[in-house]
Amino acid sequence: MEIENIVDVENLMLRFYTYEGIVEALDGVNLHIKPNEILGVVGETGCGKSVTSLAILGIVMPPGRIENGKIIINVNGKQIDILKLHEEAIRKIRGKDISMVFQEPRAYLNPVYTVFDQISEVLIEHRKQEFINRALQTLKNQPKKSTITNFYISIYEKWSKNPNSLLIRFLSKIPILRRFQNPFKKELRKEVVQLLKSLGMADPERVADSYPHELSGGMAQRVVIAMALACNPTLLICDEPTTNLDVTVQAQILELIRALRAKFKSSILYITHDLGVIAELCERVAVMYAGNVVELAPVIELFKNPLHPYTRALLESIPRPGQPFKSIPGIVPSLINPPKGCRFNERCNYAMDICYKIKPKFIKVKEDHFVACHLYGE
Amino acid sequence: MSEKILHIKSLKKYYPVLGGVFRRKIAEVKAVDNVSLEIRRGECFGVVGESGCGKTTLAKTTIRILEPTEGRIYFNVDEDIISKIEKLEQNLMSERDKKTKSTIEAELRKLYHQYDVAKFKGSKLHRLRREMQIVYQDPTTSLNPRMLVKDIVGEPLLIHRVVEKKKIPEKVLQILKKVGLGEQHLYRYPHEFSGGQRQRIAIARALVLQPKFVALDEPTSSVDVSVRAQLLELFQTLQKDMNLTYMFITHDLNVVECISNRVAVMYLGKIVELAETGKIFSEPLHPYTRALTESAPIPDPTRKKMRAPLKGEVPSPINPPAGCRFHPRCPLAIDICRSKEPILMDAGNNHFVACHLMTKSTK
Amino acid sequence: MFSLRERIQKWKKAHEVSIKELKFILFRIRKSPLSLLGTFIIAFYIIIAILAPILAPPQPSWDIFKNPNPFIIPDAYNSVDPTPPSPQHPFGITVEGYDIYYGCIWGTITAFRVGVMVVALSLIIGLAVGIIAGYYGGLVDEILMRFTDIIICFPGLILAMAFVVALPPALTLDAPTILIPITVVIALITLLQFLKRTSKRFANISLAITLVLAVVSALIMFGIVPKINVVQMPLTRLDKVLIALILVGWPGYARVIRGEVLRARSEDYVEAAKAIGASDSRIIFKHIVPNTIYPILILASLDIGSIVLTAAALSFLGIGAEPSYADWGQLVQKCEPYMLGVDIVRYWYIWLIPGAFIFIFGLGWNLLGDAIRDVLDPTLRRR
Amino acid sequence: MGLREYIIRRIIMIIPIIIGAVILIFAVVQLIPPGSRALLYVRTERDLQFLDQIIKAHKLDASPVEQFADWLRQILEGNFGWTRVGRGPVLNVMFAKWPATIEIVMFAAPLTIIFGIILGVISAVHRDKLPDHITRLISIAGYSLPSFWLGLILLSLTYITTGTVITGRVSNSVVNIVKSQAWHTYTGLYTIDGIINGRFDVVLDALKHLALPVIVITTINMAGIIRLMRSSMLEALTKNYIITAKAKGLKNTKVINKHARRNALIPVVTIAGLMVASMLSGLIITETVFAFEGVGQWAAQCATQLDIAGVIGFTIFTGLLFVISNLIVDILYAYIDPRIRLG
């Protein structure tokens, strides 16, 4: 069972060292993602869902630091632990095998570059070789070869042998001489326009040349998704991509994500606080509370018989017409000096004294159903 | 007192768009465009719509935080006075000769000055503040971070001098208890509270003057699901104890379905559908409402919905499409929709809808 | 009825947010070595200023009657050319025999006086203009801001130079020139009140004041009441420098404050205050000022360093304080006759020591200012 | 709103400011007693004796309103008055001395901007580590250094090391070369003229004399740019698009240089423009210390000898220069930031 998972997060601990004190954001997160599946992560604000997703990409925002735990990535056959890798190696994976989509689309796009610049950046970073060869092919099979094209062909041959040769990099800096990059750029443009069209953009040419502030919410989000899918990653992480969008646009993006999963065969980690989206889109759900995963189960199993008291209370607190409102008493504990044992102990009406002393372990209760609660202990 | 507490008659609110070299007005954002509705006493009137549909502007214009461009608002006025004013307006239109026209105008102006909230100024507006209040969406920005809770909630009492200075702390404590806070919260600052508790302070501030009408501008959107239920429950109990009337603004259909008696659906500054909550969600008439109810995700995996979502996005309110504003995205659009603007008409037991197809032949 | 302890407790609770912020600033200052160095330098100068009478006792001993002004450097003897540092005169003597040591010690007090006075007065004007322009917006904002733009569009030192050169020896303000502007301002306030409907009581009072003032100034204009010179201030050269620096300094503060007020005005809690019927003055003083003013006050107080620098530059140009006045810039100006020749190096002590005083004084304030600006800048503040 | 409208609006906004500036100067002039104000209206050497006729002719003691129109006409005709120091009409004296100051600014401005940006980026990237503290110390020291003090120290150091005091624009030997007929001046800048005339020893000597003033001006004006670049870089680094860049797998240096720096440069451009104009106040003192016959030195002498016409003329001139550079900077700002360019 171990080998299949694309990503295995084991007992991830992460702390933020701030002025007010040490915030224990992640306190032993356990999570595994299977290939070609949509895993939902649901939890209230401050439960650490976004921090976990960034950690999988190996990005830790200062002043945070990962204390211990393992994140094992199964990428093209090799098992690697992200946390042990040095920066260079992780960079190869980011954007290529694992990529990410964020919440406010316009805030996550650089306002001073066009859409084409930002998307082609990913292509140049990871698939440069492929595009040089493509440019070489198109140059070669041009009918009449003028002297310039022959000259270009010779450069491209040298270039494809050694993609980041110093000479080429130097040449591309000088204004007049860098025209030699045009065939390469044309290839990139074709790929970007094709990508935007596959994401249902009305007029990809104009969008490619426009700046982020000229795009509407839905279009900007599609651009971010295009950027993430440029090198068809094996895992696409979506951090609440539709929360800021209107309901009708949200439906369009959800539809798009479902279609992309089928087309690109990549698995998707979908993070949200909206249980409706979880029910619609995801196949398996992980429920997080105050820094650790309390329950992980298939979606129908979770909605039908939730095991962990928090999941049960969360599902009951969804306002349903006609029924009285039920809510969870108390507030989320502060993570600066969190309560010992299970962090849900104050608000849980099944709390036993063991819950106040020992932290419950993340154990497998049923086939593909994990829970971290003393009720289902030994 | 009359059964309807608030009458809004063809309310308009346009924001000028400044452009050109001399910052002249080159266009207008028609945030609220000719909206008319009535709200019954003690009712929770829901207003639903996507971003940019003008629901917040409608709320703020109704309680006169914003200056309406046009239209009448009658608050707490008897039916007969309103009908008298309307009668006068009719025959003002039909009247020909100048003299009677001017007498009618004079009388109308007197009546407006006395009853029409849209025209209130100075001390009349000041007194209106006691009866109409608002609760904002994000509690963190709607509370002054450098003021103690006792001052935040006590400020309205201080301004309107409803009660002597000595009695204010006691009144403040009374309202805090009503919203579920206690004595120990008096000497604390807003940043020491959780999101839900901060919203309770904002509610206490709005209700300390015992208003009759409260506009709730997405009060539960910036709060987590578990705390949301607590707030909705609080709104309902407060409505019963202090017989308040709510105008509940939200983009979350699930919430509006549970808490409101009647719902108005807005699109680009206009009301496209207005009916009892049950009717709107069971058999929506307007194509936009149908699209809205269908695309809202339901928290139940068994009822998976396979439907084609609506195309395109909300157009810019600066130059809305001609005719029915929804026609570019409407699957059932026919050529009359592109030319003539539908008006809000009753399609049977006061289920109002603004769509050519729906009102002519019932579905 | 409240014991002292309780009163302090209540005060502490009322200002808890600001105290918490202050503690955070002190924490960050302790952490960065630069600001520690800055605080140390400023403390050093404060000690010098306090111990000035002991460190350099004025001869004859300073008493209010005989030698009322300790800032005049007593001239040791009229030597032709400057003498290098010697035990009696540790920093040496300038050409007209002014003891540099005495000048530097008492110059510290002048520096503090100039710095604090200019910052305080510029802040007061800047606050008034900034708040009115920021809160009321529209025409008022446009006029005030265009006016500040005009002053800002001249480089600071050059405009100050023009002011100092142009200011007359004595500033005579007679009654009408003071009364008329005041009447106009109060009349404006009454008009505003009638428009805005605030409670009748306040409006009537200000109406009465306007009438009285109008009558009095009319009387003066027609010469019935003699045009008495209310204010007759002889302007010493240092006062001219002060006035020039204030007139050049306040627009900078006005702009910063206006920006902060605009930002605060767009917050929800200001609209909420309007919704419960709060009057403009209440919104300004209870909601906007407490949330915007503290960072500005702190940053403005750290401009003292650069103000003293500009004052020194003016003195160096010879239009600063009087020649015998104990001011650093003035001492440095003494080396002007030797400027072009080799003597400048031979008499190094005339300019090196007072110059060092100016530099380190500016350095201290700017180091502290930079650290605190870093802390207070909301975008960079990372708790 | 589009770039074109933005530019037109900025140009139209300039007019009230210029009028306001002239009125402000006029108000300052009114403070001066009529006697010395007459100097502003003198055209030629001879007029100096007949000051009292001038007072009557220009109604200097009459009400300010009439004087304003008359004075404005003077200014527009280019008669800024007579400067005792320069012994000539203010305008001609200024234009004669202007090339020297341009020469310093020509070298100091680019150096200041380049150093400012590089040091700003370094101190932002290594925040609160050693390089950050060093750069901040340099920039704050520069900011709080009195220009005359730094100038005099440099002079003393050069004297101790080389035994000569390098002041003035060029050494005397070169002066007579320049005076000779063979030399024809095109721009008045010794460095450029030297190159055109092919006399490289002149160029070398001019550069030798330029070195110290340029160092002084650069150190003093560099601080403003470093601080602004640092804070706008830090702000850019906290923005969300940096996370996207990292998530794309870009090298850290590329994230900083390509994404963060481009955004951080926008506010720095505005300050760079203003800083060039505000270099003038630093020049006044530096030129006096180094006896560099530029506009600054002349202005300093006017101030010391209380030459009203000189001071007022200089203030108007710098005011206009400041306003124009402000305008250029605004247009540059609009061009660089696509959000404004495309409206």
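Should a chain be cited, it is by its letter among A, B, C and D, assigned in written order, with residues numbered from 1 in that chain.
Here, contacts are C-beta pairs under 8 Å (C-beta built on N, C-alpha and C of every residue); 3 or more make two chains touch, one makes a residue touch a chain.
Worth saying up front: this structure is predicted, and the values here are computed from it rather than measured.
Novice: Of all chains present, which has the mean Cα position farthest from that of chain D?
Specialist: Chain B.
Novice: Name the two chains that are joined by the greatest number of C-beta pairs in contact.
Specialist: Top of the contact-pair ranking: C-D.
Novice: Could you grab the centroid distance between chain A and chain C? Build each centroid from C-alpha atoms only and quote it in angstrom.
Specialist: 54
Novice: Calculate how many whole Å lie between the centre of chain A and the centre of chain D, each centre taken as the average of the chain's C-alpha atoms.
Specialist: Here the centre of chain D sits 51 Å away from the centre of chain A.
Novice: Express in whole angstrom the distance between the two chain centres, defined as the mean CA positions of chain C and chain D.
Specialist: 26
Novice: Could you list which residues of chain A touch at least two other chains?
Specialist: none
Novice: For a test of understanding, state which residues of chain C touch chain B in their complex under the given definition.
Specialist: Where chain C meets chain B, its residues are 13-14, 16-18, 196-197, 267-269, 271-279, 282, 286-287, 290-291.
Novice: Chain A touches which residues of chain D in the complex?
Specialist: Per the stated touch rule, the residues are 239-241, 243-252, 259, 262-263, 266, 337-339, 342.
Novice: In the complex, go through chain A and note every residue touching chain B.
Specialist: 44-45, 216-219, 246-252, 254-255, 273-280, 299-300, 303, 313-315, 317-322, 324-328, 331-332
Novice: Okay, in this complex, where on chain C does chain D touch?
Specialist: Going by the criterion above, the answer is residues 31-34, 146-147, 149-151, 153-159, 161-168, 305-306, 309, 312-313, 316-319, 332, 335, 339-342, 344-345, 348, 351-352, 355-356, 358-359, 361-363, 365-367, 370, 374, 377, 379-380, 382.
Novice: Can you check the complex and tell me which residues of chain D touch chain C?
Specialist: My answer: residues 16-17, 20-21, 24-25, 28-29, 31-33, 128, 133, 136-137, 140-141, 143-149, 152-153, 155-156, 159-160, 165, 167, 227, 231, 234-235, 238, 277-278, 280-281, 284-285, 288-289, 291, 299-300, 303-304, 306, 308, 311-312, 314-315, 318-319, 322-323, 326.
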